[in-house]
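Which chain is which? They are A, B and C, in the order written, and residues in each are numbered from 1.
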Amino acid sequence: MEKVKKPFDKQRFIKEYGIILIFVVLVAVMTILSPNFAQPKNLINILKQTSINGILSLGMMFVIISGGFDLSVGSIVGVSGVAAAYLGMGEYPLIIPLLACIGLGALFGLGNGIGISFGNLPPFIMTLGMMTVLRGLALVISGGQPVTGISGEYVNISSGFLFGIIPYLAVYFVIAIAICAFILTKTVYGRRIYSCGGNMLAARVSGINVKAMQTSVYMIAGIMAGVAGFLLTARTTVGAPTAGEGYEMDAITACVIGGVSMNGGTGKWYGVVVGALIISVIANGLDILGVSSHYQKIIKGIIIIVAVLADVNGKNAR
Amino acid sequence: MKKKLAAFLMSAVLTVGLLAGCNSASNEETGNNDTAETEAGSGSEKLKVAMCMSHQTNDFQITVTSAAIAKGEELGIEVVVFDGNNDSATQISQIESAVDQGYDGIIFEPINVDAVQNIVDYATQEGVPVINVVGAMTDWEDYVAGYVGGDNVTAGEMEMRKVAELLDGKGNVAILNGPMGSDPQIQRHEGYDIVLAEYPDLVVVNEDDAEWATDKALNIVENWLQSGKDIDAVVCQNDGMAVGAAKAIQDAGLTDVIVTGIDATSDGIDAIKSGAVTGTVSQDAAGQGSLSVETIYKVIKGETLDDKDLRTENIWIDSSNVNDY
Amino acid sequence: MSEYILEMKNISKSFSGVKALDNVMLQVKPGEVHALMGENGAGKSTLMKILMGIYSSDGGEIIMNGGKYKANNPKEAMSVGISMIHQELNPILDMPVYENIFVGRELHKGILVDKAAELKEARRLLDDLEISVSPQMMLRNLSVAQCQLIEIIKAISIKAKVIIMDEPTSAITDHEVNVLFSHIESLRKQGTAIIYISHRMEEIFKICDRITVMRDGQYVGTDTVKNLDENKLIKMMVGREITDVFPKLEAEIGEVVLKAKNISRGKRVKDISFDLRRGEILGIAGLVGAGRTELVEGLFGIEKLSAGEIYIHDRKVSIHSPRDAIKHGLALVTEDRKGSGLNLGGTVEDNITTIAIKKLLKGGLVNKSNMRKAADEYIDKLKIKTPSRDQAARNLSGGNQQKIVISKWLLAEPEIIIMDEPTRGIDVGAKRDIYLLMGELVKNGKSVIVISSEIPELMGICDRILVMAEGEMTGALSRGDFSQENIMAYASAIEA
């Protein structure tokens, strides 16, 4: 008869919480290299810089855990940002551009979801097509030029502070984290996302409506991207059709670093949050040290490879 | 098999949709249809000129082509714009098609200055006159009939000189570049270097590549401001980045940092009007566009050009004259 | 009121014009254990998938619990009281046991998952079935046998009225089988009907009440277990008499071709030594977890050995990778054909020609006609049932898939063939084909090592049997001394 013991699994502990350790070490290193790094003002900047990409990464997290992949979120940021700029010039209350972004994001996400779950297109292809179409759309509706003239109230959404010290952007990020973490860890829906990603056939056979699940996660990613676009326009004061280019890569990177497996079925929300923070910390630290942004690309790439190696080998070492 | 067919059809439909969208956008202002005759050069029919640009995704580019199309209307020329998508191979095919379809003249902005020699030879062989606009191919004097453009070097020089004046020749300068290695980046930086050599008390304390993007510029400058070095001026190679830099400065609560850009695109102009950005250099995008059409018209008609190298004037725009734009 | 809880009448189903089911009938009484038997390709799986709502039938009707029934998806089937345990396990590896048990029917309060309730219920179920696994363990860390037991728990916890068990015992030990059977008894007393699909005759005769036989998509007949015996049953399934289930061909046993000395792999394999002779079929018996697979994986170079030496034809060899093993004339048909034996997306031809492809080249380049010939040769030799050599491997039945894997290895002309559970999940007819094949191989001077959990099988075809328990070799028997009790005793590490 098989008897199985369960000792304190040191390896698993490191694997699960290791990313937080790495983050702490990284922050320590940056502080040593430049004392300016740890200044409160800079730390607040890091929070601001992480928020928008962080929100995007949270959306991407849903998709990847469910076993999918979304290349179109960067373009959704661009299109919704342009739309938000047009609607954010003061004519309408700010809720209008926000709802427009959410609506557009949900719509494009729905498009992705339908193509993938009902059309049986591989996620890579479908979202790649959507990415290209939406970028073109952004250029068309903006006439190729950034949309300027948003209202001061709209700008303030991103540059304002709660109680004078907490940047609004960070507040939105925290709210997004709370909602996403809650859904993933506490709800039946969240559990089913893991099931679909872990073994889609098993999920289907167990009666889960896999097609509906798939469609819904792409809508979530789309909505998060729409919100990110709304915020990015506020932060940069313009709705640029080219905004968000490459953001999907950063979102995927944050997920990968954070321990979300590309095969689906695993991943923790705090991993993704830390992943997004790590990306910002690296960029921020290197900028302060005066190192060219080209090095950031190299470092990001290396981190992705290392993170995936750790993930793959962790699974094989049994 | 069915899945592959479905995927292919979907992609085709999406592609066609996208092309239709782009096409109608570039023809929007003039309401042109692509049904014009393709007979070459017979005097009574409208002349057709192909304008092959590197891309059409920013204000500068759109201004150039809009002005070109308008000038064409004046002169009785149909100007058809092609978007090269920043891909050299695409541009070469576009030029080739233009020749084969019997266009009367070709204006183009080379994406890769060393890749277009052969295709220009082909056009010349077929009797189609060619000129460059915005940027010139290598050894352009041997290949094309003329070059109409801004001068990135003098534009950069003008920008840096203004900054030097405003700082009384002394101060910390941060530079935001376009994509490193691209022609505009290299040339504009050449202009900066000329001025920096003259003012040894102007120190470049920070420099990085923000890829023409507003959001990247914002993040970078935001971080620079925390690096402990004082920055007196942020010199940006385009207005998009200047807008981002200005926002970072504003967020940091600083009020007397100079921010400058180049291109005089609408976001830059608006930012000057609101006071966020100090000034920009207009390379007269509109002028380049219309002058290029005038020039190709002359060449088609067989006139000799007094000057093959035509540069538009750089104009410094700041709060004093911004309302004219 | 019908005496049946489930009736499937005149069920037909075609796939792209090929008839898979032709007017099939199945009637199940409440509280009965009803066996569904037939060779691979007979249509049992298809029939059950229709019942579960995964496929829809082309014709016929189903009456469940007195009412007309048609499920459009598994969820509907489950809501009506039908659940299924699958032959090819569907575990979600990176999820803990308790989440796996409740997939699709999570215990909840509103939209929130009720984790505490799930853990409690999971613990209760695990204890009931005497499985010593913590509900929070990840399935990735469980053995194949344990995963199968979890599948069984899943179906039991659904409290279905009809439970379909498709090869439920293929990877579990005899002791665990007995536990399962006692649960089937209690389910039966509650009035739950069980449709039991298995190729293991002893089990069928032990636990089932009636048997329905299918053949080639058609309904052959139903009878009570009392009225049937093995031969009659096989005749119904195969359509002809099979007198010996375990054919043993005469072969000359020669010199020692492989000598394993003090093979160890950490704690899993402890100091195993044995000889293998030419013309010999050597069996390795043992409970699941005894270390048999780990032993052969070590011999074959898939995993590192911590100690030991291997001699082939009296020459010491070092095998650090499967490539080395293949070079020295070894072949390994693995336990998990879908996981490590087949390229499921590839065709029959692709799979068969994988290893020995260098032999089929012409002028250094891949030669299509050579490959085709090789594929056809083995399709014929091993009687592989496939519409064509270009059929995707994943579309074939388990038995035929196994034959493809074996063909792949045989094409490479090995001297020593190791087979790990080669007849798992395969019907009587195909099993016999494989036994005959083994007999042919050793008759032609090759040697075979076969690992199996079916003691009768080993006793039927082997010349010698080694028994392992908990990593050690506890017994070695020659054909004259074979006895089920002895082997079981050695396998359980009890003094005989």
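Assume a residue touches a chain if its C-beta (ideal position, glycine included) is under 8 Å from a C-beta of that chain, and two chains touch if they have at least 3 such contacts.
Owing to the predicted nature of the structure, the values given are computational and were not obtained by experimental measurement.
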Problem set entry | Interface ranked first by C-beta contact pairs | A-B
Exercise. Comparing centres built from CA atoms, which chain ends up most distant from chain A?
Worked result: C
Exercise. Using CA atom means as chain centres, which chain is nearest the centre of all the protein shown?
Worked result: A
Seminar exercise, completed: Expressed in whole Å, how far the mean CA point of chain A lies from that of chain B is 33
Problem set entry | Mean-CA-position distance for chain C and chain B (Å) | 68
Exercise. Roughly how far is chain A from chain C, going centre to centre by Cα mean, in whole Å?
Worked result: 43
Seminar exercise, completed: Multi-partner residues in chain A (2 or more other chains touched) are none
Exercise. Touching two or more other chains, which residues of chain B qualify?
Worked result: none
For this session: Give every residue of chain B touching chain A within the complex, in rising order.
Result: 3, 6-7, 10-11, 14, 17-18, 21-22, 25, 56-59, 61-62, 180, 206, 208-210, 213-216, 218-220, 222-224, 226-228, 240, 243-244, 247, 250-251, 265-267, 270-271
Problem set entry | chain A partner contacts - residues on chain C that touch it in the complex | 52, 54, 73-75, 78, 84, 86, 90-95, 99, 103-106, 108, 111-113, 132-134, 137, 140-143, 145-146, 173, 175-176, 288-289
Exercise. Along chain A, where are the residues that touch chain C in the complex?
Worked result: 1-4, 6, 186-192, 194-195, 198-199, 201-209, 261, 265-266, 315, 318
Exercise. Across the complex, what residues on chain A touch chain B?
Worked result: 34-37, 39, 41-42, 45, 48-49, 115, 119-122, 125, 129, 132-133, 136-137, 139-140, 143-146, 148-149, 159, 232, 235-238, 240-243, 245, 283-284, 287-290, 292-294
